[in-house]
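Structure below; questions to follow.
The chains carry the letters A, B, C, D, E and F, assigned in the order they are written, with residues numbered from 1 in each.
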Amino acid sequence: MVSYDVTSIGEGGIRLSSPLGHRIQRARTFGIQIAGTEANVLCALGCLNWNTSWFSALPDSALGRRVEFQYKGFGVDLSHVKRVPGARIGTYYVEYSKPPLPTKVMFDRANTAFCNMTVDDIDWDALLDTRLLLLSGLTLPLSPTVRKILEVANEKAHAAGVPVAFDVNYRHNLWEVEEAAKVVRPFIEQADILFCKRDDVNLLVKTVADEDEGLEALREISQASWIVMSNGAKGAEGLIDGKRMHEDAAPVEILDRLGAGDGLAAGVLHSWLNGNAEDCLKYGVNVAGLALSHYGEQVTITVDELDSLVKNPHSSLER
Amino acid sequence: MVSYDVTSIGEGGIRLSSPLGHRIQRARTFGIQIAGTEANVLCALGCLNWNTSWFSALPDSALGRRVEFQYKGFGVDLSHVKRVPGARIGTYYVEYSKPPLPTKVMFDRANTAFCNMTVDDIDWDALLDTRLLLLSGLTLPLSPTVRKILEVANEKAHAAGVPVAFDVNYRHNLWEVEEAAKVVRPFIEQADILFCKRDDVNLLVKTVADEDEGLEALREISQASWIVMSNGAKGAEGLIDGKRMHEDAAPVEILDRLGAGDGLAAGVLHSWLNGNAEDCLKYGVNVAGLALSHYGEQVTITVDELDSLVKNPHSSLER
Amino acid sequence: MVSYDVTSIGEGGIRLSSPLGHRIQRARTFGIQIAGTEANVLCALGCLNWNTSWFSALPDSALGRRVEFQYKGFGVDLSHVKRVPGARIGTYYVEYSKPPLPTKVMFDRANTAFCNMTVDDIDWDALLDTRLLLLSGLTLPLSPTVRKILEVANEKAHAAGVPVAFDVNYRHNLWEVEEAAKVVRPFIEQADILFCKRDDVNLLVKTVADEDEGLEALREISQASWIVMSNGAKGAEGLIDGKRMHEDAAPVEILDRLGAGDGLAAGVLHSWLNGNAEDCLKYGVNVAGLALSHYGEQVTITVDELDSLVKNPHSSLER
Amino acid sequence: MVSYDVTSIGEGGIRLSSPLGHRIQRARTFGIQIAGTEANVLCALGCLNWNTSWFSALPDSALGRRVEFQYKGFGVDLSHVKRVPGARIGTYYVEYSKPPLPTKVMFDRANTAFCNMTVDDIDWDALLDTRLLLLSGLTLPLSPTVRKILEVANEKAHAAGVPVAFDVNYRHNLWEVEEAAKVVRPFIEQADILFCKRDDVNLLVKTVADEDEGLEALREISQASWIVMSNGAKGAEGLIDGKRMHEDAAPVEILDRLGAGDGLAAGVLHSWLNGNAEDCLKYGVNVAGLALSHYGEQVTITVDELDSLVKNPHSSLER
Amino acid sequence: MVSYDVTSIGEGGIRLSSPLGHRIQRARTFGIQIAGTEANVLCALGCLNWNTSWFSALPDSALGRRVEFQYKGFGVDLSHVKRVPGARIGTYYVEYSKPPLPTKVMFDRANTAFCNMTVDDIDWDALLDTRLLLLSGLTLPLSPTVRKILEVANEKAHAAGVPVAFDVNYRHNLWEVEEAAKVVRPFIEQADILFCKRDDVNLLVKTVADEDEGLEALREISQASWIVMSNGAKGAEGLIDGKRMHEDAAPVEILDRLGAGDGLAAGVLHSWLNGNAEDCLKYGVNVAGLALSHYGEQVTITVDELDSLVKNPHSSLER
Amino acid sequence: MVSYDVTSIGEGGIRLSSPLGHRIQRARTFGIQIAGTEANVLCALGCLNWNTSWFSALPDSALGRRVEFQYKGFGVDLSHVKRVPGARIGTYYVEYSKPPLPTKVMFDRANTAFCNMTVDDIDWDALLDTRLLLLSGLTLPLSPTVRKILEVANEKAHAAGVPVAFDVNYRHNLWEVEEAAKVVRPFIEQADILFCKRDDVNLLVKTVADEDEGLEALREISQASWIVMSNGAKGAEGLIDGKRMHEDAAPVEILDRLGAGDGLAAGVLHSWLNGNAEDCLKYGVNVAGLALSHYGEQVTITVDELDSLVKNPHSSLER
């Protein structure tokens, strides 16, 4: 019997945003959100009553504790988070916009407590004491030592028979396509559950003409039994235990564009943990829709509410 | 010469809402609105310069006075409201949502000052000193004593020749369909002005195939000379002095889903008070549209503004 | 070598707005924006690194300094603004609305510091020390002395060979069509760059059937080498150095309807200052779109951002 | 039997304030309060269950209705308020400050709907249908026609045997001491209840050395049976039915300096209406303290709460 | 080895407060805080890195989850909290005031999920798996079944050798002095650590003349080795392992009066857990001071920060 | 004739603060202020109508432009500010507190655009085109290249006969006392106007017993004709053209502790620019008081308002 349902390693940071319709150049207040792709998934799963654990490093500071307060509220176990006195925290600035201007994300995340973590900072036995290890490609370019941690974690998990979920999650402003393609390749190959954006297939795997070819390209190189390809507003595509699936995106009004991919992963993993292959994309697109229609990156939802969204058509008012 | 144009009996309560995009589970602030279906109609009519009076009971507390302050601001006469020391006030929680999640209303309204009112608390002469008595089916299930008050009021009004407007306003979370159908039946039958949602016809009267059948089903059992059937985004249907009418819903961007039915009633009653049968649905759908496009349940509008909306096509900017 | 790229004369005032969805009749707070059609154009151009100067009069008061603080932040030179102790400032109230109610603008702008300016208050040499003089038809009806200033400025500029951009900008609540048509005529005739709304062509120049006729009507009476006709949601039409142009409106979600016309002018003048006739309407519609999708009247944008909007299709997220 | 307990005539306006610690020169939001010295007294008395009526003129506009909404919420009868289409409303700006800077009030109140009222606008029978007429010296300099109204009201009230309460309420920025002294004199002489600030005695009546001399100076020229002299932080002095009284100011932390004088008057008049001469200053200083310790000018208080403050020493927490 | 450092049983609820200077009667927003005397202590101890567990019942609703989210953020274990579908949550309203009006607390806490808990709802082995059991006298009057739970818990803890900390915490609006004195007596007698307000000694134990007599009165009837008597602004008195101690209150500016007693208990228990008898009152008064100078009831503080406050004189700025 | 009255070199950054009474660990919003000791002085002088110029480097980003927008609003010339693409901006976090907790400032200011400036980035002729050069000791430890810039600036200014004002401004968290004492020494020696905190005399110059000795210690080593020693709440001490002066601190309620030293400098320099030696400390303590009683670091004040504060005793209300 393992201690956790899902365990992950990643960075947590502070996300500051000006109110919609007000540019940062003239802003007087910032809203504070907590950012971190892996932890976003863990928080959503925590709401859904799964036991989750997050491995990371944070500064031993008010800002580091701000991140901890949030994740603990969602029930994520932080006993393996390293506190580093005097360290920096990753900081992100978001300027929400409506067309014609895009919503913009600016990073100030160099030299953080997390970037300076090394393999010696990880309690490997504790890390693998889980039903599933979640790794994200977004974390690979953050620093050489962090990349090493993920590579070792991937190896050790497979060696120990712990299934690995890998989300490709490529960000063009963090590294070049060529390097990324090379580095993420073994993670894709060995993943048990694989998440990859439609666009990232073209960039990192192989140029394909449509969704079917995209899934096929992933299937060719990956041993994953669950392959989920997110396709933005077009919804999600899947090869789940060899079965081709498609699910339209949930009807949604977007309040905060960030976090939809993490929501998709959370919904799919919730189904995986429940052994419910059939509805996994339905759960995925609904959690993604919740991420888009609420501020902040962590989805707040109960099992009953989520089941209700998956089973019933959308209603606008419940009273 | 009577003292009031419209008089009603109902409950008033406090409605607390988290900001859009923020779930109650993590909220830090609640906006305060005042809720009460009958009083919503009276407030809109108060804006439109009609004399209105509200019979109710409220706790003799800061929260009770919060309700009074609001309704008095709209010009509703509260001299027949009973103040009950130490009593509870009805409390409602609203979580506004955008799709995929519905906007949710949660009630904490048991054992309130109003629920404990009895027929002895009513000054019946004062209640009937009006051109029109407005009653709502939403109030019938709140408590046995309250139901009795409405039944007596209905009888006494008809006996005294005071016209009664009845809004069926069925709420599935307050009582069962079977009981509701039985209890509202005499109110429907005897009403002079009748409001009924399209869906409530099916549930409480008779399963019908379309709008025409719905109106016909109501006409068969009711003596009402004005029958108005609200049909959500499809607009309003009417049999007004025997004339079949339809009006599309006003073009609207919805900010707050609650109160549209009360707005429809207010607009129609405004026309009735003016003796303007012809435009009654136009007035109704426009006040309903105002309710949907503003926060809170009470519509704020002047006679000139409303006439202008009814007479002219919508303009987006007036300067 | 002249000191400024664009110089203008106009009024600046305080614009107070209730939050969307809350009517002024019940509002508890007003947002403060700074209003002034000519200065809006100068502020946008200031962001885009052009040297601009604004001639005006403001009360020597906290409210007057509020206007100055804003415009200086955008880099507009205010050394020719007259400070008048004890004077009034123009005050505007905006009630933002969603359908069915229109957004409403109410003026309280009589007897202001600016209205009382006379030709003797202008340093004419300084006014003409510029590559372009911008005048607006909105300012003509504010007072007889102000109208005189614009008429003299128009004459002196043409006499001195300073090109004049004139924006017709008719407001029906400030004066009658007949008078307006007569007064703006010489400005239209003599303008070097002319901006006119499609509707204003019909009202002030000649009834025309379509966009082509509208531009032709303007061309017949005006010597302007750049004629730009804004056409609301349909975009912008132009006769630029004799070449017929059309540009669709930018895709936009409207947060604040005010200031789009000023944005169009700013984008076009930015192109004129750059000698870029070809893309002038593209720049115009994009700055107009920015005005509509942000609160307040002054557009905040950098050269790089604007170039990117003009050159690339819209993206919803940039990270 | 008269219809009202207290009736008054005065102006109502909009008061806009920047948040404490933020100067107007850089403010982004204004809080909205409703200002009007006589109506402030009526609102406090309305809370205390007295019937009050306010005679005034307001623009028939959103801003005028904003004032009405507030006063109606306090239960003040507005049936004698004239609505004037297109008129201005008195506007006040407040910059709250902590030392060293004083809190500053700036007026923009010329040419308002109220200033243009004349004696013909008053329904004199209705005005005198009251137990007490309240007049304020602050209103006398607003316009010649308004001054005339107050002079006629004063005469007619005395002729009809309606007691008059007069609050001297001198404002140096509205008129000169010499003129004020002359104009207020007959009001002081004929008042039945007289309120005068300690400083105003020196300015308008006679230079006196201390509180006793101040009261004596007023007594010499006035027939008032209740003379109340406010003395700022030192409290209130009184000659009530010939009896010398003193009451220390209530312990207070000041949040909003405006409205204390009106609170004192409201507390004293509440006692007068109750026939409680003995405690009148106690009630006065407590309502004044409530005005200072809450935002806005209208005091919200119940009879029970006020009795409790008067009878018991201050407690900091009640649970 | 036990699992927790401190375990407790109590109620958690929602506390709604109007902004300072604005009365509830006219409020538009409520701030949301989480209330619960025992959990407040656990949260502060959670910040200080102690393992804590809270036994309670909450509705299975958004409001119940709001409470859970907060306490989990502070690291309190909630695995023994019962979720009750459809139940009420305790609701409290706070109106912050400055003199002369007291801050007022109003309760709406009848018939809650917690009040309906019975001894059968408690996992007694889990409850006693702790270094210390904390019980509060405030909880005793909430319902007969809840009282029974505390009485059984007290007995079982003593039988099992688990030390009990008891905070007398009398509230006059929840029960009568006579009944309270009788019911709390055995808790006082058997407590190992005893907290009692100076005023509660007089009310519930014996009328005493000063602090020394107060402590002596408690010592006579209680076996507690640590007796702490809070004395409001005068600080704290103690008989700690038989040693008489006094500590002045920390210098403080009060922003939120609620929670100081819980802070005192948290600071003292932190010392007890550390085996630091000598400084226990210093820790107590400082955590109490933090509760008073921050909004909300749960104190947020790190071990380093608290040590620094205890060891060093207050500084106003740290940079 | 020189172009500027005062010129300075320093860093500008973003200061983020949680609302008073809410710890950063749980904050949801940050207020945004702009920080920069030298620019704070220039902004206050800009309000007072002096021409000022700021030399610095900022990232070419939304955050860099946020700083520019603020300083331009105060009228500071930024034409010598270098924009660095991709660079960091100095970030500061402030947690306002009331006792017992101190207000805390946390820095995240390593590796900023400004720290990487070198002497080659300065246009030296432009820098010295001023009546006064202001340098601050706070800037010396930021980086070696920045220190070099200040040393060269100090030399060149003295060589060119440009007076130098030097504010010692020691920050213990930026460097050690020993190094600081050595590095600031030549700046102290050569300054024409010298500002030094009372505590910094002891730390960096010589241990002294009282204010007189402190000033004497500075006079011994400095050639400055104006020596101003700030002494916190005790006010300011001066040796101005050899004359010993003292001024009590202005009466003040502190809203924001940061910026008082910059305010003192601004007030003194305003007097120096006016040639008003006699009142220089009066101006200094009043501008310092304004800094403390308003949020943010830049003082907003007009010449008339400041003259009034200096000449008249404090009044609490001006209307």
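Rule of thumb we're sticking to: a contact is a pair of C-beta atoms (placed from the backbone, for glycine too) under 8 Å apart; a residue touches a chain by one contact, two chains touch by 3 or more.
The UniProt protein names, listed by chain, are A, B, C, D, E, F = Carbohydrate kinase PfkB domain-containing protein.
Being a predicted model, the structure only gives us computed values, none of them experimental.
Of all chains in the assembly, those touching chain B and also chain D are C, E. Where chain E touches chain F, the two copies mostly use different residue numbers: shared numbers make up under half of all numbers in play.
Two chain pairs, C-F and D-F, are compared here, and D-F has more C-beta pairs in contact (counted per touch definition above). Comparing the CA-atom centres of all chains against that of chain B, the greatest distance is found for F. Ranked by distance of CA centroids from chain A, the top chain is D. Rounded to whole angstrom units, the spacing between the C-alpha centres of chain A and chain C is 46. Centroids built from CA atoms put chain F at 62 Å from chain B. Between chain C and chain D the centroid-to-centroid distance comes to 45 Å (mean Cα coordinates, whole Å).
Shown for chain F are the residues in touch with two or more other chains, namely 23, 25-26, 28, 65, 69, 73, 104.
Taken as a graph of touching chains, this assembly has some other topology, since it is neither a line, a ring, a star nor fully connected. Taken together, the chains touch in the following pairs: A-B, A-C, A-E, A-F, B-C, B-D, B-E, C-D, C-F, D-E, D-F, E-F.
Here chain E touches chain D in the complex through residues 20-23, 25-26, 97-105, 171, 173, 257-258, going by the rule given at the top. Considering their complex, residues 16, 23-32, 61-63, 65-66, 69, 88, 91, 93, 95, 104, 106, 108, 110-111 of chain D touch chain C. Taken together, the chain C residues at the contact with chain F in this complex read 65, 69-70, 72-75, 302.
The part of chain D that touches chain E in the complex is made up of residues 73, 250-253, 255-256, 286, 289-290, 293-295, 300, 305, 309, 314-319.
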